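Look for chain A in each of the two complexes below; its partner is chain B in the first and chain C in the second.
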Partner chain A sequence: MGKENSAEKALNLIRGRLCDPTSVFRPLSGSSDSNFSKLKFIVSTSITEGCNNSILLLGPRGSGKAAVLDLVVGDLMEEYPDSVTLIRLNGLLHSEDNCAFKEIARQLCMEHHLLFSKMASFDENSQFIIAMLRECGLAHKTIIFVLDEFDMFAQASDLLLYSLLDAMQSVTSQAVVVGISSRLDADQLLEKRVRSRFSHRKILFLPPSREEIDSLLEHLLSLPADSSFPSGYVSQFNEKIKNITSDTRFKDMLKTFLNANSTVNSLLKFIFRAVSSMNLESGLLSLENFKTALSSMQRQPKLEAVRDCSILELYVLVCMRRLEVKEQSSYNFISVMKEYKTIHDSFQTSDYYAQNVCLRAFEHLREREVICYAENRGQSQAVEYRPMKLLISASELHQGMRSHACCPAILLKLLDH
Partner chain B sequence: MSRLKKHMTREENSKVTRRSARFSSSVTPDNPEPNPSHQPTVADLTFGEESITLDALLSSFPGRRSQILDLIRLIGPLDSPALPVMVYGDASTGKTSVALQVFRHLNRPFVYSSCRTCCSPRILFESILNQLLLHSKCSSNGYASAKRCDKPSDFVNLLKEALSSVVETLNSTKPERKPMGKMVYLIVDHVDLIKEWDKGTMILQFLFSLYSVLKMPQLGIILISGLPPDVYYSNVGYTDPLPVYFPEYSEEELRQIFLKNQANKKLYSAFLDVVLRPFCRVTRRVEELSTSLTSLFRKYCEPLDDLTISPNEDLKRRLYSNLKPHITSCLNEIFRISSRPLDGDSRGERRQKASYSSEKGEELEMLDFHMSTSAKYLLIAAFLASRNPATLDASMFDSTGGMDNRKRKRKASEKSMEKKEMAEQEAVMKGPGSFPLERLLAIFQCIASVGDSSFGEEEDEEGEDEATGYDKESKNMMSDILLQVSSLCDANFIIKSGSCPLEGSIRYRSMVSEDLSLKVARSLSFPLSKYLYRR
Partner chain C sequence: MPTIAGPSLSPHKRIVAARSENTGCPRSAEDITPRKRKLRSDSAAAVPTPIKWKSPRRCALMAEVEEEPNGMLETQFDCLDGKSKWNPRDDDQMKAVKEALHVSTAPSTVVCREDEQRRALEFVKGCMEQNKAGSLYICGCPGTGKSLLMFVYEFFQEGLPCLETVSVNCMSLTKTTDIFSKVLGENETGKKAIGSSTPLEQLQILFSQKQQSSSSKMMLIIADEMDYLITRDRRVLHELFMLTTLPLSRCILIGVANAIDLADRFLPKLKSLNCKPLVVTFRAYSMQQIVRILQERLVELPYVAFQPKALELCARKVSAASGDMRKVLSVCRSALEILETEVKGSTDEEPQIPVPEDQMVKMDHMVAALAKTFKSPVVDTIQSLPQHQQIIVCSAAKAFRGSKKDRTTAELNNLYMEICKSSMITPAGITEFTNMCTVLNDQGILKLSQARNDKLKRVSLRVDEADITFALKEIRFFRNCLL
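Entry: the complex of A and B
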C-alpha cells in the first residue's frame, strides 16, 4: 500500500510538471542566448530606463512562447515589485474593440484596486486607459500588455493596436506591448499606420535541439530526492528512467515522433500519455508505456472510419470509387445505386438490399464525413439527387478494406477491377 | 442531508437511465421541481448515486475494456492535473454513457453540458456556469440563469470565479465516504454540432484552447465528439486534445451487448446465431440493430408457448425455418410502424399474400398508408409532370385520354445510343424536373378522366341543373384539388422549387420515387408505364 501511495504521488508529481508550462520551460531557458534571456533583457531594460517598447514572439503553436513570457514576467515581478502591471488580452476572446477596451479597463481597475463599472461606455473606457497610462508613466510604473493571438487583433480591426501604440508615443507613458502569434507573418497583417508605430523586434521560437530534449526529458521524469518519497524508490525510479532514455529503441521512437511533430507541446502530450499508463503496482515506467503512447498518438482517423464501416457501406464506397475511375465527373446516389445494381447483376453477390437501406448507409457515411456533398448550392433537391464526392483517397480505401475485419473478397477485386 | 441525497438520486437516476444503454428499460423521466428549501452543495456535483467498482463498470460495458481503462488512466488518480481529453467515435458507441459511468466510479465532481441541448454559445456558457454556481432554475427566480453570459470573454472571467469558489469549498469540505478530490471536471458532449453554429469555428477554437487560457490546474476538460479530431483542423492552428477512440462494436461484442438484458439467454443466443451475422452486414449500429431485432425476436418466439425453455438443436432448426422468410424482408426495412395490431396480424398477412401476382411470381407490395383517390391521381400527375418533358404533353395526353402511339422507331445508330446514355446520365444527375401548377392540373384532369370513363363523359357537360352524382363529385373534387396540392406539399411528396424568373409563378417538383408511384398507380389500376416517357 505504501508502495502504491508513493507511485501515485510520483505520478501526480510528474503529471503536474507536464501540465504546467512554466515548469517545463525553465530548464530550457537556462542558457544565456536563449529566448528567455533575450526577452528578459528587452523588457527589463525598458523598465529600468523608463522607455516604451514593442516585441513580437513568433513560433509554431506549442513552442512555449506564452510560457517563456510568463517566466520572464514572473521574474520581473519579483525583481521590481510595485513597478510592473500586467494586462493580458487574448485575440480569441477580445478581438472586438468594445470587449478589448472593457477588459483592459477591468484589469487595470483590479490591479489598482479601483471600482470597475460594467456599464462604462467605450469612450469612457478608452479615456480611462489613456489617463492610466499617463499616470503610470509619471509614477515610473511600467504596464506590460500581453496580446495573445496577435494575428487576430491585427486582422479584426486595428483600433485597439493603434490607440495603444499611439498613446505610447504621444502620452508620457511606460508601456511594453508583447504580441504572441503562431503566424510568422503577423506583422505583415498590420495596417500601415500601426506598423509604423510598431518596432520590428521579433523573437523566433524554434523547435528545441536534440540535446535540449534529452535534458528536458531527464528533468521532467526524474523524481527529486527529498523526504516525501522513500529513498530506495527514488533511486530505483531514476535508474529506470536512465535505462529507458539511453535505450536505442526509445531513441528511435522519439526520432519518429519528432519527425512528425517537433514542438515541445506535442512532446509533452506524448510523455503525459506514457506516464499515465504507468503500472501503479510496480511504480516504475517501462518502454512499453512509451510504445503504447506512440501508437495512440499516431492515429489515422480515415482508416479507422473505413474499418468501422459495415459491409453495405463498403459496397457504397466501392461503387463511388468505380464511378470515379470511369471518369464520371459527378455522380449522385441514384447513379451509385445503378452501379450497385450492375455489380449485383454481373457477380450475383448476396448483398443486395433495398433502396431505403442503402440510403441509410449513405447517410451514415455522410455523417462520418467519409463522403460529402460536392457543392452546397442544391439545397432544395432531394438527398438522392445531390452530387456527392469521396473524402478519402483510393489508397486509404484500399488499406482500410484490407484491414477490415470481414470485408468480402469480391469487394477488393471490384476495387482493383 | 438524506432528503437531499434522495432528491438528487431521483433526478440523477432519470438522467442516468436516459443516457445509459439505449435499449435498457428506461424509467419514465420525471423532473421534480427542485425544492427551494434544499441548499445544493458541492457534493451534488458528483454523480450522486452509489459508486460502482471497477469490475462492475467494466462488465456493464462489454467490449469497452481498453477504452474505459484508457480514460481512467488519462483522468489520473485523485488530485492529479490532466490535459484535455477528447473521446470520439461513431454514434451509439457508448461514449457519453461510459464517460458518465467512469465518473460515477471515480466519484469526482463534474459538470456536464451537451451541445445538442445547449444549441447556442449563450445557453452552453450559462448552463456550465449554473451548474458550477449550484444554481437551479425554478419558479422563485423566474427560471433565469445565475449570470448572463454570451461572449467568450465574459465566460472566461465568470468561469474562473466560479471554479475558484468551487475549489475553495472542495478544499474545506470533509468528504463522508469516498474522497472527492480537489479538481472539477468539465464534460462537453456533442462537440461536433458546434460546427453548424453561427461562428462555430471560433467557438470550437475557444473550447480547445480553454485549458491554456484559463491556466487553472484544478480543471480537467473532457470533450465528447461524434467526429474524429481531423475534422476540427483549421488553418489557424489549434492545440489538439488527447484522443481516445471508441470503435464500432465487433460482432462478438454486439452479441454480448444484446444478451445482457435478456430473460432467457439460451433462447436469445440461438436467435442471435442465425440473425446477427446477416444484419451486421448492413449496419453495426446498436440502436438500428436493436429496433430490427426486437420485432424479429417477437416473430421468432411466436410458435413457442413457453418462453423460458432452452431450445435443443431440433427446436432451433424448426424455429429458424419458421423465421427464415421474414429475415430478408426485415433486412430491407429501416423501421416498421405497425398500423395493424399484432393479434390481427395473421389476417393482414393473408391479405398481403393475395397481392402476389401469379404470373410474375414476384411479390408486389401494397401501399401501406391511406390516401384519397384525388390525392393519388395528383401524386401520379406530379410524378409524370416531373419525369416527362413538357413538349410531349400534347401527344401523350390527347383528348381521348389515351396514349398516342409512338412514331415508328428508327434503328438506333451508335452515336445516338451514346447520346442517349449521356442524356440519361444527365437526367439522373439533374433529378426530377420542375413544373408550374397549371401543367399539373392539366395532366391531373386528363388522367383522372382516364380512370373512369363515365367521368370523361360528364366532364364535358357544362350544364349544372341535372348534376348526377358523378358530376357533383367531380366538381367537388376540383375545388379540393388546391387543398390537396398543399397537403401533398406538406407531406413532402411535392416541393416548391425556385420560381420562374420571367413569369414569377411558383414551380413545383415531385419528390416521389418510381416505386412509390408504381404502388399508387397499381392501387388505382392506372397504367402508369404507358405514360412514362423513356428516352
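Entry: the complex of A and C
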C-alpha cells in the first residue's frame, strides 16, 4: 500500500516537472554562455540604461525559445517590479495592421488600468500607442514587445513593424522588440526599410549537447532526498535511474531517438511516455519503459497495417506489386485476379480462393487505406473495373511481410522476382 | 507616427582644437550624484540653448572646418592621445559610450551631408526669395541620413519664422488622399470649409485665388516615405506635385523616398509641364565618411573607447555591404557589449586585480561583432541538425544539382533511402520522413508545396548548395556523399 502511494506520488512529481517549462529550462540555462544569459543581458541593459533594442530568437520548433523568454521576463519582473510592461502578439492572429494595433492598445489599457473602447478607430489606436510609448519613456518604464511567429509579421504588411521600430529610433521611447521565429531567414523577409531599422541581433537556439542532455535527464528523473518519500525508496529510485542512464543499451536508444528529432520538446515527450508506463508495483523505472516509449513514438502505421493482414490480403498486395514491376501503369481488380491465377498455376500454391472472397479481401485493404482508387472519377463503374494503386512502397511491403507472424515463404520469393 | 524627437543633450559642440578643455564627466554638471540609470526627465528638463540652432552661416563655418578629409582624421588621432583612459567597468562611462552610439541619439550637426544640405537650403531659400512654389525630391537607400536631414531642417526653419511646416509620414495615412486633409488641417486660413468639396479641391482653390491677407506665409510640406502614396492610377502623387504648379501656389514640397527614379517613372507629366522636381540623391556612405561620422559621435567623450583600426574595419565592411549607417552603429554597440561581457566576466573571478592598461574595443571584438551581424545562422543550424535531417538535406543538395529544381517527396525519399543503405543506417519510415521534411520547411531550409497526398508534395531547396557543403565538410561521410 505504502509503496504504491509513494510510487504514485513520485510519478506525479516527475510528470509535473516534465510539463513545467521553467523546471526544464532552468538547469539548461545555468551557464553564462547560454542563450538565457545572453537574452537576459540584452534585455536588462535596455531596461537599466533606457535604450531601445531589437532582437530575434531563431530555432526549430520546440527548442524552447518562448520558454526561455518567459524565464527571462519572469526574472526581470521580479528584479524591476514596476518598470516592465509586457505586450504579446502572435503572427497567426495579429498579422493584420488593424488587429495588431487594436490588440496592442487593449493590452496597454489592461496593464495600466485604463478603459479600452472597442470602437476606437485605427488612427485613434495608433495615436494612443505613440502617446503611451512617450509616457512610459518619460516614466522610465520599458515596454517589451514579444512578436511570436515573427516571419508572419514580416511577410504581412509592414506598417506594424515599421511603426514599432521607427518609434524606437526616437529618444523618448523605451522599448524592446523581441521576435520569435522558426525560420532562419526571418530577417531576410523584412522589407528593406524595416530591415535597416532592425538591429541584427540574433540568438540561435541549437539542440542541446550530449552532456547537457545527460545532466538534464538526471535532474528531471531524480527524486529529491528531503521530500515526504521514504528515504529507502528515494535512494533505490535514484540508484536505478543511474544504472539505466549509464547502460549502453539506453545510450543507443537515446542516440537512435535523437538522430531523428533532437529538440528539447521531443525529448520531454519521450521521457513522459517512458515515465507514464512505470510499473506502479515496483515503483521503479526500468529499461523496458524506455523501449516501449521509443517504439510508440517511432510508429510506422503502414507497416503495422501490413503486419495485420491476412494471407489472402498479402497475396493481393504481392500481385499488385508484381503488376507494378511489370510496368503496367494502371491495373484493376480483374488484372490482379489474372495475376493471382498465373501464380497459382505456376507455383501450385494451396491458397486459392474464389473471386468473391478475394473481392472482400480487396475491400478490406481499401478500407484500411493500404490501397486506394487511382482516380476519383468513374464512380459509376463497378469496383472490379476501377483502376487501383498501392499506397505503400515496396520496401514497406517487404519489411511488413518479413515481420508478419505467418507469411508463407513463397510470397517473399514472389516479391523478389 | 512619431516625428523624430529633440537631440540628446550632449554638451555644446566644440570645434576640434578646443578639445583640451574637456574634463572628466561627460554629462552636464548637474549630474553630480552618481546614478545607476540616467533618468529621462534630466534630458527633458534642460532646455536647449539658442546656440543649438544651426544658422546657415554657422553650418558653413563648421563645414569648412570639417572639409579636409584625411587631414582631419590625423588631427583627431592626435587629440586622442590627450584623452584619459577609459574604464569599461564603470557603468556610467559605458553607458555614455553606448548612448553616444545609439541610433536615436541625433548629432547636433549633420556630418558628411553638407553638400546635400547646402543644395536643399539653397533651393528653399530660392523659392522663398522669389515667392514661388517648387518641389524637391530626396532619394537614397535606407540609413543614409535623409530623415536626419529633415530633422535638422525642423530646427532650421525655427530660425525662419516665415515658413509653415507640415511634416507627414505617408506610411501612417490610412488612405492616400488623407495627405491633403493633413496639409489643409495645418493651414487654417479662416475661410469656412465648404462641406461638399474634398480637401484636394479646397487646396486647389486656395492656391488659385489671391489671398486677402498679404502677409501669408509660405508652406513647407515634407512627405516622408513618399512611395506609399503611389496608387495604381498615381493620382494622389500627381495632384500633390501639381499643387506646386498652380498659379498662386505658395507651397514648397519636399518628398523623401528610396527609389531614385520615382519622379521619372511615376510623374512623367510633370516633365512636359516643365516643373520636374529637383532631385537630391543621398548616396550610400563610403568608408571615410562612416569613420568621420563615428568619430564625430565619439569626439565629445573624454576617453578613448575604440581603437581606430577597429572603427576602420567596421566602416570598411559595412560600406562594402550596404553603406547603411544604422548597421554601423548596431555593430559598434554589439562590439561594446562583447567587451562588456568580457570585462564583467573577469571581474567575477578576481576583483582584486587592477584594471589592465588600455582596455578598449579592439580588433578582435569588432571582428566578433561583425561575424555575429553578417553571419547567417544557416550553417550553424545545419551543423546541429539531427543525423537523419542532415541526410535529407544532403540528398536534397544532390538532387537539385542539375537543372531540375524541384521534386516530389517520394523521389526525395528514394534518394534518402539510397544514401542510408549505402552507409548501413536504418532509414526512417515514410511518415517520419515527411515529418522531418515539414520541420525543415518550418526552418526555411526546404520549401514544401501544398498537395493533398503527402507523397506528391513538391520539394525545393531554399538554401545555397555551397552553404550545405561548407556546413557538412567536417563530416567525412557527407563529404563523400556530396562529391
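Definition applied: the second predicted complex is superposed on the first by the 298 of 417 C-alpha atoms of A that agree within 3 Å, B and C clash if a C-alpha of one lies under 4 Å from a C-alpha of the other, contacts with A are read in each partner's own complex, and residues count from 1 in each chain.
Everything that follows uses one rule, which is that a residue touches a chain if its C-beta (ideal position, glycine included) is under 8 Å from a C-beta of that chain, and two chains touch if they have at least 3 such contacts.
Just so it is clear, the model here is predicted, and its values are computed rather than measured.
By the touch criterion defined above, A:248 lies against neither chain B nor chain C after alignment on the C-alpha atoms of chain A. Contact with chain C, but none with chain B, is seen for A:396 once the two complexes are overlaid on the shared chain.
Look at A:196: by the touch rule set out above, it reaches chain C but stays clear of chain B. Within the superposed three-chain model, A:182 lies in touch with chain B and with chain C [touch as defined at top]. Once chain A of one complex is fitted onto chain A of the other, the partner contacts of A:301 extend to both chain B and chain C. Contacts of A:126 after superposition on the shared chain: chain C is touched, whereas chain B is not. Contacts of A:376 after superposition: neither chain B nor chain C is touched. Legend: residue contacts after superposition of the two complexes on their common chain; A:367 is shown touching chain B, with no touch to chain C.
Residue overlap on chain A between the chain B contacts of one complex and the chain C contacts of the other covers 60-61, 182, 299, 301-302. Within the complex formed with chain A, the chain B residues making contact are 70, 73-74, 76-83, 90-91, 151-153, 156-157, 202, 205-206, 209, 212-213, 217, 226-231, 236-239, 242-243, 245, 247-248, 250-251, 280-285, 288, 331-334, 425, 428-432, 495, 497-498, 509, 511, 513, 515. The touching residues of chain A, counted against chain C in their complex, run 32, 41-42, 45, 48-52, 58-61, 122-123, 126, 130, 133-134, 137-138, 140, 151, 158-159, 162-163, 166-174, 182-186, 192-193, 195-197, 199-202, 204, 206-207, 258-262, 298-303, 393, 395-396. Taken together, the chain C residues at the contact with chain A in this complex read 1-6, 8, 36-41, 43-44, 95, 98-99, 102-106, 141-143, 169, 171-172, 174, 225, 258, 324, 326-327, 330, 333-334, 337, 341, 345, 372-373, 376-378, 380-381, 384-389, 410, 413, 417, 428-432, 436, 439, 442-445, 462. Across the interface of their complex, chain B is touched by residues 8, 11-12, 15-16, 18-21, 60-62, 66, 90, 92-94, 99, 103, 106, 148, 182, 265, 268-269, 272-273, 276-277, 280, 296, 299, 301-302, 304-305, 307-308, 310-313, 328, 330-332, 334-335, 338, 351, 353-357, 360-361, 364, 367-369, 380-382, 384-385, 387, 405-406 of chain A.
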